[in-house]
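A quick write-up on the structure given underneath.
Read from first to last, the chains carry the letters A, B, C and D; within each, the first residue is number 1.
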């Protein structure tokens, strides 16, 4: 029985590659997004607000990444299918502070380990998810 | 008519038996849970986050125990049946800060008195409820 | 240049030894304390409120452990010497939310690595520090 | 008399030059810092947490930049001289939420206009100020 548990966190340099890939994907799509890259505890390593993106989205992007990191790496767009047939969860767990249950939060995985998360907000949930995935694809 | 109201609260030693029983039940089921044991005011006596449990669940576990303790000992899984046919409650009371309306919060009763509550989060609502009940069964 | 940074966190079992050692030391000294054991991010692994301890102390204990964990392992009783000759810090940084600058927060170190922190509150700053150190001594 | 007031905000691209310059200066000095670049309203355009920097510093960096941006561009290290002889301010205004009165917050000025601010935290107040200034010097 060990006294410690090992975790690996994304480095600043890798987080920056993730952010750059997401910003580039957003720019290619003609979108202005807010983007957050967090460590496995959900604390930001980098946050960014592109010119013209909605101010409201800066916190949502952080909440999406936090939701992924603090719930085992589950992408935020997977929540609805899990809860939609349980009304007590639909009307209950959705109020959990910071928990975000729509697309745009994606895990960052390196060598099979959850090392952080990326959250994107500013477009539709599906657009947000695509940009976040483009960021996540920058590490592996 | 007395000037005081007596309350009985679970002791630290008994809260610990409750926590240990819940942790053991979770481990037996192969689950990693967050667990909170509170006094009748809903303030934690003990909180625990098992290795690998979702960070998000630590607050939810506390909120479940708080919901039970601060509403007369009603288990959290009893809320939905009570409110489901009143849309104003479904869409209204569910936003009450910390109120949790799905399973995993269970009262702690000693000699017929509500002495605290246990909240568990990390699995399905039903799994959470079973682990919480295993904890609650450690006192009577 | 690696894409990840390794961190080690105290395990639940070890955190429990730390808590037990602190509770035993407090009981030996005839003191009732609130105690928090956190991981390196400052999130609690275990919190405890002994019978008769001040309710106010539960948050202070968590804030002390958070202060240590989120500032490189610096014990909370080391802050005053660092800032006492800089009035802008004495009157400025002391207002930082959760930052606690008096004794009772101690790092948890295993094999030379900062794996978490313990915070104790309920007595004098020096009593709190001694109980916290007794907890920290349970791992090495 | 116009119905509108024009403000100019630092662009994402320029904010990034500011951040990169600050990160490079910190790395040259062998320091790990948290850095925030905000617009004139104090809302972050970019925040960064370098590997090994204190988690506590992420909010302080943002608060420093916010303090500068939301108070006319006054560097945070200018506050103490302004208030030190007025005890009511020393003990009063220093509690203002987010207001930071020690070094590390510096205005971003382009063509004579305040377009944002940079806040740095993780070292001494003087180290923080130097890194922040290195960032600010990347625009003019």
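We adopt the following convention: a residue touches a chain if its C-beta (ideal position, glycine included) is under 8 Å from a C-beta of that chain, and two chains touch if they have at least 3 such contacts.
In this text the structure is predicted, and so the values were computed from the model without any measurement.
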- Query: Quick one: subunit A and subunit D, Cα centre-to-centre, how many Å?
  - Reply: 26
- Rounded to the nearest Å, the gap separating the Cα centres of subunit A and subunit C is 30
- Message: Touching at least two other chains at once: which residues of subunit B meet that condition?
- Response: 51, 55
- What kind of graph do the touching chains make: line, ring, star, complete, other? other
- For this structure, give each pair of chains that are touching. A-B, A-C, A-D, B-C, C-D
- Task: Name, in rising order, each residue of subunit D that touches subunit A in their complex.
- Result: 11-12, 43-51, 55, 58
- Query: Mind pulling up the subunit D residues that touch subunit C in the complex?
  - Reply: 51-52, 54-56, 59-60, 77, 79-80, 84, 90-91, 94-95, 100-103, 125
- What residues on subunit C touch subunit A, complex-wise? 1-11, 13-14, 39, 41, 43, 110-111, 113, 115, 139
- Tell me, which parts of subunit C touch subunit D in their complex? 5, 41-42, 67, 69-72, 86-89, 91-93, 95-99
